[in-house]
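For reference, chains read A, B, C, D, E and F in written order, and residue numbers begin at 1 within each chain.
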Amino acid sequence: MRLVTAIVKPFKLDDVKHALETLGVHGLTVSEVQGFGRQKGHTEVYRGAEYTVDFVPKVRVEVLVDDHDAERVVDALITAARTGKIGDGKVWVTPVETLVRVRTGERGADAL
Amino acid sequence: MGINSGDTAWVLASSALVLLMTPGLAFFYGGMVRVKSVLNMLMMNFICLAIVGVLWVLYGYSLTFAPDAKGGLIGDLSNIGLKSTIDQVSTGYPDSAGNYPHAIPVLAFVMFQLMFAIITPALISGAIADRAKFWAWGLFVVLWATLVYFPVAHWVFAFDAVGPDGTTIVAHGGWIANKLGAYDFAGGTAVHINAGSAALALALVLGRRKGWPKERSRPHNVPFVLLGASLLWFGWFGFNAGSSLKADAIAANAFTTTMVATAAGVLGWLLVEQVRDGKPTTVGAASGAVAGLVAITPACAFVNGLGGIVVGIVAGVLCALAVGLKYRFGFDDSLDVVGVHLVGGLVGTLLVGFLATSTTGAGTRDGLLMGGGFDQLRRQAIAAGAVMAYSFVIAFVIGKLIAVTIGFRVSDEDEGAGVDTTEHAESGYELGAVTGVGSAYRPVPLSNEAVDA
Amino acid sequence: MGINSGDTAWVLASSALVLLMTPGLAFFYGGMVRVKSVLNMLMMNFICLAIVGVLWVLYGYSLTFAPDAKGGLIGDLSNIGLKSTIDQVSTGYPDSAGNYPHAIPVLAFVMFQLMFAIITPALISGAIADRAKFWAWGLFVVLWATLVYFPVAHWVFAFDAVGPDGTTIVAHGGWIANKLGAYDFAGGTAVHINAGSAALALALVLGRRKGWPKERSRPHNVPFVLLGASLLWFGWFGFNAGSSLKADAIAANAFTTTMVATAAGVLGWLLVEQVRDGKPTTVGAASGAVAGLVAITPACAFVNGLGGIVVGIVAGVLCALAVGLKYRFGFDDSLDVVGVHLVGGLVGTLLVGFLATSTTGAGTRDGLLMGGGFDQLRRQAIAAGAVMAYSFVIAFVIGKLIAVTIGFRVSDEDEGAGVDTTEHAESGYELGAVTGVGSAYRPVPLSNEAVDA
Amino acid sequence: MGINSGDTAWVLASSALVLLMTPGLAFFYGGMVRVKSVLNMLMMNFICLAIVGVLWVLYGYSLTFAPDAKGGLIGDLSNIGLKSTIDQVSTGYPDSAGNYPHAIPVLAFVMFQLMFAIITPALISGAIADRAKFWAWGLFVVLWATLVYFPVAHWVFAFDAVGPDGTTIVAHGGWIANKLGAYDFAGGTAVHINAGSAALALALVLGRRKGWPKERSRPHNVPFVLLGASLLWFGWFGFNAGSSLKADAIAANAFTTTMVATAAGVLGWLLVEQVRDGKPTTVGAASGAVAGLVAITPACAFVNGLGGIVVGIVAGVLCALAVGLKYRFGFDDSLDVVGVHLVGGLVGTLLVGFLATSTTGAGTRDGLLMGGGFDQLRRQAIAAGAVMAYSFVIAFVIGKLIAVTIGFRVSDEDEGAGVDTTEHAESGYELGAVTGVGSAYRPVPLSNEAVDA
Amino acid sequence: MRLVTAIVKPFKLDDVKHALETLGVHGLTVSEVQGFGRQKGHTEVYRGAEYTVDFVPKVRVEVLVDDHDAERVVDALITAARTGKIGDGKVWVTPVETLVRVRTGERGADAL
Amino acid sequence: MRLVTAIVKPFKLDDVKHALETLGVHGLTVSEVQGFGRQKGHTEVYRGAEYTVDFVPKVRVEVLVDDHDAERVVDALITAARTGKIGDGKVWVTPVETLVRVRTGERGADAL
C-alpha cells in the first residue's frame, strides 16, 4: 500500500476531489495546514504596527492507494491542482505497511 | 416656546436606537459573508456612519429639511452647516388653541433624521459583498447620499410646516409627502425601496462574484447574523415609533405594529422554509424578522395590531420566495438586498393602500380593504415607482462612473485572497492556539529607536 | 384624558429594553452550549419572540389583562385581537384631585407586558439544550404560554383598576396581586419561579443527554455568555424600573436596587467560586449577575440600596451553590434554569417578606426584619408555592403529551450529530481559511435556468 | 416638589445606556487581545461593574456628591449607604420664578453618575492586558476608585447647589467645577485624562509583556472590536447628552456634537492610516470613533456641530499618531489607553478653550477662537494638569504597593500559558468539530452520589 | 520504529486514548481532519440555496511505537474505535527511520 | 527523499523556522495538533464542574529534504525547539518514494 500526500491550494480542493473520484478513488482525508515556501505571505497592520504573515493557508490531501495506483493518483493530483503559479504545492508518496478498515478489520487493498 | 421634555426624551432615545441599527446591519450582513471578507462588510457599513454623519452637518440636513427650494424636489441652503438650528425648536403641529404642545429641539430632529440617512446607503452594501474597492464604495456613498438620498428624503419626509392656525403653510416640503399624499410613516419608499433599487443597480454594475452561483461559501458566523437582526429589531422601535416625534398613542401603535409584524415575518419566512426546504433555519428567522420590519416601516402608524400581523406574514412569505429571483435572473445581489428591502419595501408601501385605517389616530384615509377605495393605493404605487426608478437610474450612473474612473471592483486575485487582507490589511479572527505563526512584528516607523535598543 | 409624555417615553423605551433581553438570553445560553447546537439554542429563544408576539395580539393580552373573568384566575375576552386598545389610555392611579397624571397609551402597556410574556418561556429553553425537536418546542411555547403564562401573569400583574375616587374598583384583576396581596414588582413569581419550575418539569420529561453527566462539552463561546449577560443587565433596567410604568422616584429606586443587587450577585457568585474552585470564572461572573437580577426582580421597588446589596449577595451565593443540585438529584437541567431562575426567584420573592420597607414610596407593608412581622412573608410564600406548583404540573403534562404524540426529543443519532444540522440544516461557524471544502452548491429550484445557462 | 417625568425618563434611559458602555469597552478591548487572554480582559472590565457598583452605594456616592467636606476636595459622609436619597429630588437650577422645573429623583442622578464611576477604572485595564493577577486588579479598582476617582469626580462634577433665588449657595461642590471654572461637560478630565494617566502609571508598574515589542499577536477577534466600539458609540449618547440631566436643547446639542465628532474621528484616523500605512483598517475605524468620542466628551455642550467636526478630526488624527508613542518611549500600554484616552482627553479639554461658544445655551464663556481670549484655555489647562498629575502619582503608588505585597503580575509561565486558564480556569472558545478532546468531566463534589450511581 | 496512524470518529477519541493508555502507550498526537468516503456528509440550506457538505469531521491519531508493539497498537485502536457503522475509519502503519526526543536528544525506543 | 516531521511547542515555531532557513531549507508545512504525553494538561471549571483538558497544543512541522540533508535538519530542529522542559516534543524521519512539485512536475530533489 502507498500513502499519497499532497499539499495544494485550498480553492483547488474541489477539482482535486473530482479528479480522484473520476479515477475511482473511494476515499480521502484532508486537513488545513499552513505552508511556507517560495510563495510570499502578506502583511497586516494594526494601529500602525506591521505584522507579517509568512505562512500561506494550504490543504493537505491524503489518499491511501494500492501500490499500482500510486502513480496514476499522483498524476491526477498534479493535473487537478496545477494553476501554474508559485505555491501550487507538492505531492509525495510514502510506503504503508499495514492498512486496516476499522469497521470490518479488512486489511490491505480490501480496506480501501 | 417650551419644549416637551417627554417627547424630547423619546426622540433622543429613538435617535440612539436608530444609530445602533447600522452596526446591527453590519453584523447581520457581516455574519453572512465568508470569513475572508467579514471586516470589509463591517467597514462598508461603519463608514456610512462617518461619511454621512459629516455630510449631514455640512449640507445634507439642509438639502433634506430646509424649506423647499423648488417644486418639492429639494431643500434650500438655509441650514447649511446646521446654521439656525442650535437652540431652535421643531414645533410639530399646533393644537386647537394655537399652541405647540409637542415642540422638541430642532437638533433632536436633526439627529433622528441623520440616522435614517446613514442606514439607507449602508443597506445597499449587502449587494456587493466580497468584491468592492473600499474607497470606491466610500465615494459612492458620498455621491448617492447627495444625489439620491437627500432629495428623496425631502420628497417623502419633509412635510409642509403650518402656522399656529393649523392651516397656513409657512414652509413647503417635498412632493410625495404633500402633493401626492402617499403615506410612508418611517421610510418604506425613502429608505427601503430606495436602497433596494440602488442595490440592484450596483449588483449589475459590479457583476457576479467569481464562480457565482455555482461556488459559494456558507455564512461564516450565523450567531452574528442573529445578533445583527436582534439589534436591528431593537433599534427599529426607534425608527418606527420614534417617527411619531412624540411619545404618544401614535408612537405606541407604531411600536405595536412593528413588534407584531416582525414576529409574523419570522413565522412567514420559516413557513416557506419548512415547506420548501424541510427545515426552519436561523438565517431564515433573522431574514424573516428583517422582512417584517421593512414592510411595516411605511405602514406602522396606519394599520392596527391585526393589520401588522397581515403585513408581517405577507412580507415574510414573499421575501422568502423573492430571494430566489437573483438565481433566475442571474444577478449576484449577494446578501439579498433586493429580495428583502426592495420587495419588502414594496409590500409594505402597497399594503398601506389596502390596510390603512383611520382609527389609529394618525390621520390617514382608509385603504382599499377598509372601505377607502383605490385612491390611496394609487398614490402609494406612484410614490413607490418614482423612488424606485429614480434611485435605480442615478445609482447605476454613479456606479458606472466610478467603475470606469477609479474602478469599483477589486482584481480577481484580490477577490480570491479575500478583501479583508487586500483592502484593509487585516484578518477577522486569529483563534488558533498556535500564536505567533509566521509573525514578524515590525512596529510603526516612529518606534524604531526603542525597538532596536 | 391627556397622556404623560415622559412616562410614555419611559415605558416605550423600557419595552424596547426588555425586547432586547430575549436575544441577550439567547446569547447567554447559546455561548454555553457546544458548537454543534448553538443555532438551535438561539432559535429556541428567538422563536418565542415570533410565537408569543402573535399570540399576545390574538388573545394573550386579553386573557392576561382584560377584566377578570372569574375568581382572579384569568382575564376575559374583551380585548381579543387588541380590540378596544388603540388610542385608549392606561390610566394608572388617580391623584387626590381625581386626575390621572400618569396616564399612558394602553398600547404602550400592551407592548411592555408582551416582552415579559416572551422572555418567560424563552428562559425554560436552557433546561433542554442539545436535544429537543424544534417544532415540538414551538408547540410547547404555544401551549405553555396559553395555559400557564397568561393566567399566572393575570394572577400576579393584573391589578384591580380604581375609579377617580381612588377606591371604587372599576375592573377586577388577579388573585395574587389583589386578594393575597403578595408583592412581586416585576415578576419573581410570574416570570422566574414560573419558568424555573417549568424548566424542571421539561428536564424530567426529556431526560438526560447522552453520556451526561460523565461526558460534557465546554461552553463553546464564553464571550457570547458575557455578551448575553450584559444585554440582559442592560435590558433588565426596563424590566424592573419600567415596571413602575412611570418615570418617577419608584422607577429610580427600582433602577438603583437592580444595579446594586446585580453587582452584589457577581461578587457573591465569584466568592463561592474562589473558595470552592480556587478561581473566579467568567461564566460565574455572568451567572452571578443573572442570579442577582432574578432575585431583585420581585423586590426592586420594595427594598432600598442596602437591601439590594443583601438580596444580590444572598442570591449570588445560593445560586452558585444550587447549580450543583442537578448532579445530586440526577436531572439534566442543562444550563441551570432551576439553579438560577427557580432558586433566584424564590430567594427574591421570600426576601421581600424580610426586607420590604415602607420608605421606598411604593406603598409596601414592612417585612419581617423591618418590623413588619411574618404577615408579608406568609403571603410571599403562598404566591411562590402556588406558581411553582401550577407551572410544574401543567408544564409536565404538556411536555408528556408532546413527547408521546409528535415526540419532543431528537434521535440519539441526531443528538450525536448535533441539532444545528439536523433540526436547522445549518452550522454555526465556518471559520476555516479553507473555503469550499466539500461545497457543491445547488441554488433554489427556481433558479435552475440561470444556473444551467 | 414635582419631578419632571420627561427629564427623568431621559436620565434613566441615559443611565442604562452608560451601563452598556462597560461591556462595550470589554468587547472593544477583548477583541484586541490574543485568544488566550480574552476572558481575562472581559473580566477586568466586568468586575468594575460589580466592585464599583457596591462601593458607590456604600460610600462612593457620598464622597463624590455629598456636600463638600473641605476645600472642594471631597464630599462628606452625609449620604453614606445612600442615606437621605430615597424619594428625594435632585432639583437642578431654579427658573426665574424660583421653581425647579427640571427636578428628577436623586436616585436617577445617583445611578447616572455611578456608571461613570464604573467605566473610568475599566478604561485603565487596557494598559495591562495579558499579564495582571485578577484579584490584584480587583484590589487596585477598590483603591483607585476610592482615592482617585471619587475625589476627582467631586472636583469636576459636583456643582454648588443654589437656592430658589438662583444665587445663594446652599451646598458647596468641587474646586475645578466651581472655583477654577474649567468646563468639562461629561468627563474629559474626570474620566479620560484620569484613566489615561493612571493607565500610564500601571503600564510602568507592571512592565512590558514578555517579548514586547518584537513579538506580538494579532487582535484575535476584530468583529468584537467593532461591536465594542459600536456599543460605546451607542451608550455614549447617554454619557454626553445625558449629562445635561434634562431632555432639552442642551442635550440635543450634546447629542449632535457627539455624533459628528465621532464620525469625524473615524475619518481622521483612517486618513492617517491611508497616508502612513496605505490601508484603512477596521481596528483603525473603531479606534477613531473612540478617539472622537473621548475628545468631544468635555466639549459636547459647549461647541456646535461644526465645532464637533473640528474636535473629532483633530482627535482622530492626533490619537492615530499618538499610539506610536509607546514604541518610542518603550512602555507597553498594551491597548493604547494613553494614546487614545489621555491624548484624546487632553485634546478635547483644551479645545474647549479654543472652540467654546456662548451660543449653545449651556452658559459658557467663549473660547480663544470665538473671541474669548486665553482665559478659558488657562482654566482648562490647569484642570487637565491637576487631574493628570494627581491620578498618575496615586495610581503609581497604589500599583507599586500591590506589586510588592500581593504581587500584580502573573508568573512568566502563566503569561505564556495565557491568563484565561491560569487566572480563570476557562478558555474563550471551543469551536472544534472535535468535541470531547481530552475531556474527563468531573462534576462538583456535591454531586458525586448521583454520578457514581 | 513505526508510526501508527488512525482516522477515527471524533467521539471515539476518549475510548481510543484509554485503550492506548491501558496498553502502556505514553504519548500520542491528534489533529482534526475532514474525511471523505462511504459515509455521507450532510446538506445545509441558506436562504433556500442548498449546500452539500461532503466531508465528515474525523480525528487523526498518530502513535509512534517500537516495532514489536505496532501490531498490538493497531489492534487496540481498531477495537476501541469500532462502532460497526460506516465511517469508522482506517488505521495504517508506516516505517520510521529515526526518532528523537527533542528535550534530551534520546533516540529510538528511548525517545518514546 | 526523506520527510522530517517534528512535534514542537507552538511558541518555538519562529525559532524552528529561522533555524531551517539558516540551513538553506526552502519550504515547510505546519499544522496545529494536540499532544498527549508526559506534559500535563490543565483543568477548567464551569459552574463548579471540573473539566480536565489532557491535551496540550503543539505544532507539527514537516520538512521534505534530500536524503543526505535529513540528519542536519533533524539536528537543527532539535536545537531550535529545545527548552529542556517536559513536552518539547519529538522529531522523526520517514522515507519518501516519489516527490513532485505540482507547478512544474519536477521530481525528487528538484521539487524542493
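Convention: a contact is a pair of C-beta atoms (placed from the backbone, for glycine too) under 8 Å apart; a residue touches a chain by one contact, two chains touch by 3 or more.
Treat the numbers as computed from the prediction; the structure is a model and nothing was measured.
**Student:** More than half overlap in residue numbers between the two sides of the chain E-chain F interface, or less? Answer same or different.
**Tutor:** Chain E and chain F contact each other through largely non-matching residue numbers.
**Student:** Across the interfaces B-E and A-B, which one involves more C-beta pairs in contact?
**Tutor:** Answer by contact count: A-B.
**Student:** List the centre-to-centre spacing of chain D and chain E in whole Å, with centres computed as mean CA coordinates.
**Tutor:** The answer is 51 Å.
**Student:** Determine the centre-to-centre distance between chain A and chain E, using the mean Cα coordinates as centres, and give it in whole Å.
**Tutor:** Chain centres of chain A and chain E, defined by C-alpha means, are spaced 18 Å apart.
**Student:** Pull out every residue in chain E that's touching 2 or more other chains.
**Tutor:** 11, 14, 17, 30-32, 34, 36, 44-46, 48-51, 54-55, 94-95
**Student:** Residue numbers in chain D touching 2 or more other chains?
**Tutor:** Correct list: 4-7, 9-10, 13, 213, 215-216, 218-219, 221, 276-279, 281, 283, 323-324, 327, 425-427, 429, 431-433, 435-441, 443-444, 446.
**Student:** Of all residues in chain A, which touch chain F in the complex?
**Tutor:** 2, 6-8, 31-38, 54-55, 58, 60, 70-71, 74, 77-78, 81-95
**Student:** Can you list the chain A residues touching chain D in their complex?
**Tutor:** The contact residues of chain A facing chain D are 44-51.
**Student:** Mind listing the chain D positions that touch chain F in their complex?
**Tutor:** It is residues 215, 416-417, 421, 425-427, 437-444, 446 of chain D that touch chain F.
**Student:** Which of the residues in chain B come into contact with chain D in the complex?
**Tutor:** My answer: residues 3-10, 12-13, 15-16, 19-20, 23, 26-27, 30, 38-39, 42-43, 46-47, 49-54, 56-57, 81-82, 85-87, 89, 104-108, 110-111, 114, 134-135, 221, 224, 423-433, 435-436, 439, 441, 443-451, 453.
**Student:** Under the stated contact criterion, what part of chain A meets chain B in this complex?
**Tutor:** 11, 14, 34, 36, 41-46, 48-55
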